[in-house]
Amino acid sequence: MIYLYAAYAATWTIHITYLAWVLLRYRRLRREIYELRKAVR
Amino acid sequence: MPIRGAKEGARSDSSELIVNPSPPACLNLPIISLSDVIKQFGRLAALRGITAEFLSGRLYVIVGDNGAGKTTLLRILAGLSQPTRGRVSILDSTDPRAVREQVGYMAHPSLLYDELSALENLRYFAQLYRINDEQRCRSVIFSLKLDPDLTRPVGEYSQGMRQRLSLARAVLHDPKILLLDEPFSNVDVGSARHMVELLAAMRNRGTTILLITHQASLLESASNEFVWMDFGKIIRRSRELELLQAL
Amino acid sequence: MSSLPTITKATLAKDLRLEWRSKDVINAMLFFALLVVVIFSFSFNPTAEESRQIAGGLVWVAFLFASVVALNQTWARELRNQVLDAFRVSPAPANALFLAKAIGNFLFVSALEALMTPLFIVFYALRALGPGWQLVPVGLLGTWALVVNGTFFAAMSIRTRSREIMLPLLLFPITIPALLAMVQATSAILTGEASAKFWIVLLAVYNLVFTTVSLLLFESVLHAE
Amino acid sequence: MKRAFPVFGLLTLVLLSFALYEALIGAPTERTMGEVQRIFYYHVSSAWTAFLLFLTNFIASVVYLAKKNSKADAVAAVTAEVGVLFCSVVLVTGPLWARPVWGIWWTWDMRLTLTLVLWLIYVSYLVLRRFSTSSQTAVIAAALSIFGAVDVPLVYFSIWYFRTQHPSPVIGRGGSLDARMWHVLLINWAAFLCFAFLICWSRYRLERLRRDVEETQALEALLEPRGVR
């Protein structure tokens, strides 16, 4: 039983870690766009 | 066939023709044209929209600060890299690779094998152009005042000799268009003058030459037009070097 | 396309001449190979019977590591003075360059194997119980399998940062089936317990497939920029 | 188009929860393996999703080489990344299933080995993308993807023969699947596919945005030094 839960938990941990990483990159990019806009003006 | 009969030919007709640098009128056709060419390397743009035409049978001197995009422009014309955007047309072909046989390219590094002798180097590069003519290699080396029988490897040549041999490699297959990146760097004044004479003679026979240099004054009499690049754009073109510099 | 064999030959002759003058590949490779054999002998000290079982793996892993040294050097010469650009501006077919480099590497790695094999035989007291002549096709096909992909990936990795590390990273995963085939074939022949036929056929197919793919793709990789 | 993303996201979330419920509670318990068998629904649907993503990567790479279309390159980059993600899930859940059922974490079984090799190939693909100089990444990555795809059948045959020579120490999964289990598996697969598509979509948008930013930055950056002069 413990293996079952471990597997399901592991699956979602991997997915959520990845999504968090994507989100982090997205935010970094957003900041860059913001700064770029400021620089152009 | 430039540099043919290099011994007498090049030197005599270059010295008389250098007085009158304007090419025959029939050759004044655009041989290279660029429209809005952009080249981007990641977060850096080397070329930011270049639109220009270069006419056949002329010698253009490209000047500008380091990082102005001169070398990138030349590499794109040589087919070594593709523009990120925009159109390049050389000899009525939009693919620089289709006209490779017609283009000679001399880069800032020598593009030669240090371990081989001058003749061995040229013999190999001649084969890449399907030229199997030992005599041709020898005469090209000779026309640049080098000794074809020298067995010393190119690695032991002086910088000036290496530059001249590098030019020999670029003109080996008698190209219609010659692209030269800093051909005179570290070359002594005498050799540089000789190279200019040779280039002028080639131009007079119809070769189009684009040349990057920091020693533009060397080419004041030979050049047809000066092209000034800055920050990835062509800022100004002028027949007179002083006019260009005055602005 | 008629220029392909001529230019291949010219390029190969040029590479061999360069190697003859500088000898940097051969020297580095030979010493490295010797080190690999000696270290392997220290690490595994089996009886003759055991060594027959593991020799296939041992020998090919040693060859694989040693050939990476040679493969990394393949394009080093073309990068000095950026001579590669001189090839790229010429109308010569890209595949001629690839074939010349692959054949050159094949010769280097074969020479290396010819020198390492006797050392392995001496250190491990090897003797084939199966049909020994089959080791020849296995060796030739296996070497080509290492070299054809290695040459291609070396060309790829010169376009990356930290290129020396990139080559094994790219090469090893793709080479797994070939390596498995070489090792299994060699073990089968040495122990004489099984037939190596399947593995030889697999190696031949592997070579055919990857030689074709390499020739199809090399031009775009060489001119990528 | 802007509305489609949250709507689809919500739909996927519902589907995923339903699939989770079905996998943990809805599906019948397997007789010999017991509860642990339920890992199967996540394991297999992740594997199929990963293979599909790698296939997409291969197709996008071929399209890129043929047409030099930068959108195809972005698709290839994204599907490889998400494919490796799902493949990692397969490789983690696999041993977690094998341990209680077979008593060992890992065996050089056909499917396991193939998945591992695929994972290695695509990780090297991602490393190559990261390390190559920017203007050449797309072409050499596409070439590597084609090498990887061509390699898969060869890996398959080599391991297949390797295994028939030395029969694996474990009992295969064997047996046909119960209809109800099939049902749950397909629901899970559908949910995972939607989920993968959702990730790819947002990752693709991020990739395109990144490229746009890079381009604007490239074209603008040179303005600054001019201002200074």
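Chains here go by letter, A, B, C and D, matching the order in which they are written, and residues are numbered from 1 within each.
Assume a contact is a pair of C-beta atoms (placed from the backbone, for glycine too) under 8 Å apart; a residue touches a chain by one contact, two chains touch by 3 or more.
Here the structure is a predicted model, which is why all the values come from computation and not from measurement.
Set side by side, the interfaces A-D and B-D show unequal numbers of C-beta pairs in contact, with more at A-D. Innermost chain of the displayed assembly, by C-alpha centre distance to the whole-protein C-alpha centre, is C.
Rounded to a whole number, the gap between the C-alpha centres of subunit A and subunit D is 17 angstrom. Computed from the mean C-alpha positions, the centre of subunit A lies at a distance of 51 Å from the centre of subunit B. Distance between chain centres (mean CA atoms), subunit A to subunit C: 41 Å. In subunit D, the residues touching two or more other chains are 133, 135, 217. Shared contact sites, meaning residues of subunit A that touch two or more other chains, are absent. Counting partners per residue, subunit C has 225 as the residues that reach two or more other chains.
Every pair of chains meeting the contact definition is listed here: A-D, B-C, B-D, C-D.
Across the complex, subunit A is touched by residues 20, 24, 35-36, 38-39, 42-43, 46, 85, 88-89, 92-93, 96-97, 99-100, 195, 199, 202-203, 206, 209-210, 213, 216-217, 220, 224 of subunit D. Subunit D meets subunit C in the complex at residues 65, 117, 120-121, 123-124, 127-128, 131-133, 135-136, 138-140, 143-144, 146-148, 150-151, 154-155, 157-159, 161-162, 165. On subunit B, the positions that touch subunit C within their shared complex are 78-82, 97, 100-101, 103, 105, 107, 109-116, 120, 124-125, 127-130, 153, 169. Residue ranges of subunit D in contact with subunit B, taken from their complex: 133-135, 214-215, 217-219, 221-222, 225-226.
The residues of subunit B lying in touch with subunit D in their complex are 38, 40-45, 48, 81, 231-232.
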